[in-house]
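Chain lettering (A, B, C and D) follows the sequence in which the chains are written, and residue indices restart at 1 in each chain.
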Amino acid sequence: MELPSLAVWKFTSCDGCQLTLLDCEDELLELAGRVRISHFLEVSGVVEPGPHDVSIVEGSVTTEDEVERIRSIRAQSRVLVVVGACATSGGIQALRNFGDVAEFRSVVYADPSLIESLATSTPISAHVEVDYELRGCPIDRRQLLEVLSAFLVGREPDLPDTSVCTECKRRGLTCVAVADGTPCLGPVTHAGCGALCPAVNRGCYGCFGPMTGANVPALIPLLRRCGMDDGEVDRVFRTFNAAAPEWA
Amino acid sequence: MATDPWLPVAHRVRRRRVETKDSATLVLAPVADRLPVFRPGQFAMLYAHGIGEVPISISDIPAGGVLVHTIRAVGAVSRALHSAEPGAVLGVRGPFGTAWDVDRAEGGDLLLVAGGIGLAPLRPALRHALEHRSSYRRVTLVVGARTPSDLLYDDELRHWDSLADVDVVVTVDHAADGWTGRVGVVTEPLASIPLDATRTTAMLCGPEPMMRYCARTLLGRGVPDEGVQVSLERNMQCGTGVCGHCQLGPLLLCRDGPVVDLPVATPLMLVKEL
Amino acid sequence: MTHQSRTLHVAGLARVEGEGALHVRTKGARVEEVRLNIYEPPRFFEALLRGRDYREPPDITARICGICPVAYQMSACRAVEDACGVEVDGQLRALRRLLYCGEWISSHALHIYLLHAPDFLGFPDGIAMARAQRSLVERGLALKKAGNSVMSAIGGRAIHPVNVRLGGFYRVPTAAELRPLAEQLRQALDDAVATVGWVSGFDFPDLDVPHRLMALRDTSGYPLDRGIPHVTTGRSFPPAEFSSHVVEHQVPHSTALHARLDGQLFLVGPLARYSLNSDRLSPVAAQVATAAGLGAQCLNPFRSIVVRAVEVVYAVEEALRIIADYERPKPFIEVDHRAGVGHGTTEAPRGLLYHRYELDAGGAVLSADIVPPTSQNQAAIEDDLTHLVTGALGLDDHALTHLCEQAIRNYDPCISCSAHFLDLTVERG
Amino acid sequence: MVIPNSTNGLGDAVLDLDGLDALIGALRADGHLVIGPVLRDNAITLAEVESVVDLPAGWGVDAGPGRYRVRRRSDDAVFGHSAGPQSWKSFLHPSRRTLVSSDSGGFHVPDEPAAKYAFLGARACDIAAIAKLTQVLRSTGRTPFVVAAQCTEPGEVCFCASMRTGPAVESGYDVALTERIDDEGHRFLASAGTPAGAALLARLPGRAAQERDVVLAESDVAAAADRMGRVMPEVDLRALLAASRDSAHWESVAQRCLTCGNCTMVCPTCFCATTEDVTDLSGGHAERAQRWASCFEIDFSGLHGGAVRTSGASRYRQWMTHKLGTWHDQFGTSGCVGCGRCIAWCPVGIDITAEAAALTDLLGGRP
């Protein structure tokens, strides 16, 4: 039986999301027996030509070259799964969208003219149609396995588009906003992490980006009441999903 | 016999008949245990291993615990069910929900109006009426489909049409080459078909807007409110009223529906996003 | 052997973290150019940190590298705390080391088993190696998992931990919560020791790096979360003087910056760390290092795999020690901001990682400077490759490419980090 | 230690803290997993209780809309706190459970042995909620042993009196405790509600209750009724909600509502659940599991083609209407017991009693 092919691609990113695949220590070898890895530079120099049954794409689009590359990957991929805050909203590097890239370049590099990059960092969906999105900075391991196991049986993956609060409560955690007065973005943030931050007495800082229909204006007074000033409120949304439309 | 309400009962696909490009009818036979007998309008939860479970109406009720379902492939689960080949084992729970009140129509006219896949849940009601033909006066079936190739049960439609004692009206939104029948929405024939309005029981099944328009047309022609039954659709996951997904106002549609009397349904259907 | 020109180009270097390319141009017996191209698009971290709150660098800079986020968090915390005049000590410091041990175990196990060992055993990759020697790779994965468990238990998750803050943690575990971790680590210690035995049996070409090595050295213990930069020449300097010794300059072919130490090529990383701190290993680690044939210093880049394996033993032992001595502290100490400059140096799995922040009186970051291990090493790696290629010009392109790739993997360069990497081209002229 | 002259004929006793500890010990000795209030993460949560020292002695609660703080009490009361973030729902209707599994051998129901629970410190509102949940879910499992705590300290967000579920526990318990601390010490009047409760009391060290103990306890509980922080409007709530389907007020709530689902998750009666299909990488073994769902989740009303309830207004309307109105149609009773959890644990403090009052006003006070 011909195994389905799996390709992993990197755009502008930190590698953390694709590393998540290698972090599936218990499942990795089984997975390697269920799919044919056709492109995954981080683990193998074996590179097969497309088409690929599933492509996992990490990272945002920040160069002309990447604009072209994502189109060709889409054309070669049956199912395109984009993973992580970079790929789904532009990532932390999308902070440049609000600033001046030329000036950013000059801060980091002595000779900025040698550095090629676009003025904006954009999500993959701004360039091509995507089939599934995994949120998070980084993505959640179980969600990645869910997408892969669902693909292998032909099921729809279960990726609830709901608040972090629902996960927080299912875990039986005590709400840090209500019980401690700690500012928390959980009520407007897309579920998937399993409420990691509230589990360590920290308010969610929104690394999974906005859930559909996030009522951000209703959260602001709460953040203020929990002691954030205007600057802090602005900054807390301007991090790993800064360019997500609901938060920008 | 299954004791746990969540435990599916294994059924094997005995036959599969392709109805349209995206619909197929499965004949399921119990592998061992049988489910209680379904009534027209009721539904089952059909489970495809590993893929999921969805509500599907009974579309024929032969004897011997055999179940017949017609499935339109729209998403992952319905696609998996739709493509189940003879020999495959599916899980079935049911019967669930309310049935068409075929008894109430006795002695009067029976009008069945189906849109698209909506013909599937109405077929057992029509079969029942034909089996008890003398209990009803005029029996009319109005069927609407997007195109002629989207019509379910075409042989059967032709058979019913050939019968003297049932009027069959078929209309399509978009005609295709060779189509000589009606073109237009189902409400149009409703406005003109012969009807003994006050003695009519109408059963409607199709998209909600279609049912609303049909109901309005029928009421306009003098069919009494309580003479109309509709089959409503909501997200359903348990079938037993414990998951909460199928609520429509006061109704738990898996329990209080899918078949609902129009006087109950109308005020609910009119509220946006209820 | 012909004396023609040739160009070798490896586009998409595999089994390194991040993406880069290698370009080699030769003419006759002379190597004209070796370029490690880093085509990791720039992400401008130092620029986007300006104006951020002083509490933000640990979370923001973690996103520079998904392979060693803890290193970024630790260097960032240390630098900002330094600016604010705060030193985190006692059990909180121990917990930070514990978290860091997790990252070392996980990162090293990944590199040893999935990226580097296949080179020595002639497998194209770890997956193929697993097909032939499944239980071996399973051992590596179990080890890696132990590291990740440590990070999840202390940091909340293995990649970009959520529990790190200035002054300590958001929540500290109870001693009871650490007990299952100790169980897992005891098994991991056996696996780690076995790993050293396994890798020390590989064939290593004779080669000593000619460069200076630089690593932290602390008053006690093997360096992880703090220390003073020491160089194999015998000198050392306080972290605050880092930028006057290590100067970064930009090279046209790379988005990573190249660095020199007092004008000289140098290397950071496991070889440096070991060579400057082998006297500081824990008992079992010291014993297995000796058994593996490592002396007081190790300058052979191919043997870096053995050093990494020894460091895994150390990290597991150290983690066990910390857990055994654990008493639950208050989760953090307050860090109040003040105007000033702070420096933070810690030992990322790939070597010394330096952060510097300048804060204003309101607690905003005025400027940030981050010098990751790979950009410190890149010039020296290119130099080594030049020598390697010069001595191996007789090889055909395929063999030469393989040799270069392997040599690059010796350094476990992390391209994502060198935010400011690989595709091999050899141009033979 | 049974006193034969009590009202229900089963006997009341007075226990001190050692007596309460003995009660916990006896339940554990009978194989019960005793769940009760414990202080954890700045809240009084529900967890296993091994002895009386696990109870939150001396901790009380200040709650308000969107606000909950534990505070030191001036005494050492162990039940001197109002409802916390969890309810007994967590044990009777767990937030996630496997329903069935499917493999080449067919379909199976998991046969995990059900825990033999004893609930310690359940309030009147909680006991009412347990009854509602059991009714809706048609639970057939083992019923927990219930040691109720009579409520003498209602909180700022409590309104059980107006929902007619409390403060006094009248049924659904095996033993009811009324805690009192005064010059005569720290003690609990223990009344049995079932023969099992009486049998348990008979095994405990304590003294027989006297008339005076009973009178004091009853008056403490009666006084609680007057100290409810909130009231629900005294109108026909079912009619109110039915008449308010098209109210513009839903939009005004929607402006404030985060649609985060916290209210449904903390509500002791909210039972909605979503089924998930889980497969391993081989696909050979499949499971169907159930997790708590919320009508605030956009996918909750999902149909092929999109969700029915996309607006925040429609989702809030669904929740409140179901709680106070259509629950009557579906189950013949209210879905709300007046515990106030949804008020306290709503991050933005939306108050179901205030919204009901606003709807009442909009309809001129007469639905």
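One rule holds in what follows: contacts are C-beta pairs under 8 Å (C-beta built on N, C-alpha and C of every residue); 3 or more make two chains touch, one makes a residue touch a chain.
Small disclaimer: the values here were computed from a predicted structure and weren't measured.
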item	value
Chain pair, most C-beta pairs within the contact cut-off	A-C
Approximate Å spacing (C-alpha centroids) for the pair subunit A, subunit B	43
Distance between chain centroids, defined by C-alpha means - subunit B, subunit C (Å)	65
Subunit A-subunit C separation of Cα centroids, rounded to whole Å	24
Subunit B and subunit D: spacing of chain centres that average the CA atoms, whole Å	41
Per-residue overlap in subunit C, given as positions that touch at least 2 other chains	none
Residues of subunit A touching at least two other chains	153, 155, 201
For subunit B, residues that touch 2 or more chains besides their own	50-52, 75
Topology of the chain contact graph, where touching chains are joined (line, ring, star, complete, other)	other
Parts of subunit A lying in touch with subunit B, wherever the complex brings them together	153-156
Contacting residues of subunit A [partner subunit C, same complex]	10-20, 22-23, 25-26, 28-29, 32, 37, 41-47, 62-63, 66, 91-93, 95-96, 99, 101, 103-105, 107-111, 114-117, 137-138, 193, 196-197, 199-202, 205, 207, 231-232, 235, 239-240
Subunit A-facing residues of subunit D, complex	40-43, 45, 66-70, 85-86, 90, 95-96, 254-262, 265-266, 274, 276-283, 286, 291-292, 294, 296-299, 310, 312, 344-345, 347-348
Footprint of subunit D on subunit B - complex, ascending	4, 6-10, 47, 49-53, 74-75, 78, 91, 233-235, 237-238, 241-245, 247, 249-252, 256, 271-274
Sites on subunit D touched by subunit B in the complex	99-100, 102, 106-109, 136-138, 242, 245-246, 271-275, 277, 279, 283, 286, 288, 290, 293, 295, 300-304, 308-311, 313-314, 318, 321-322, 325-326, 329-330
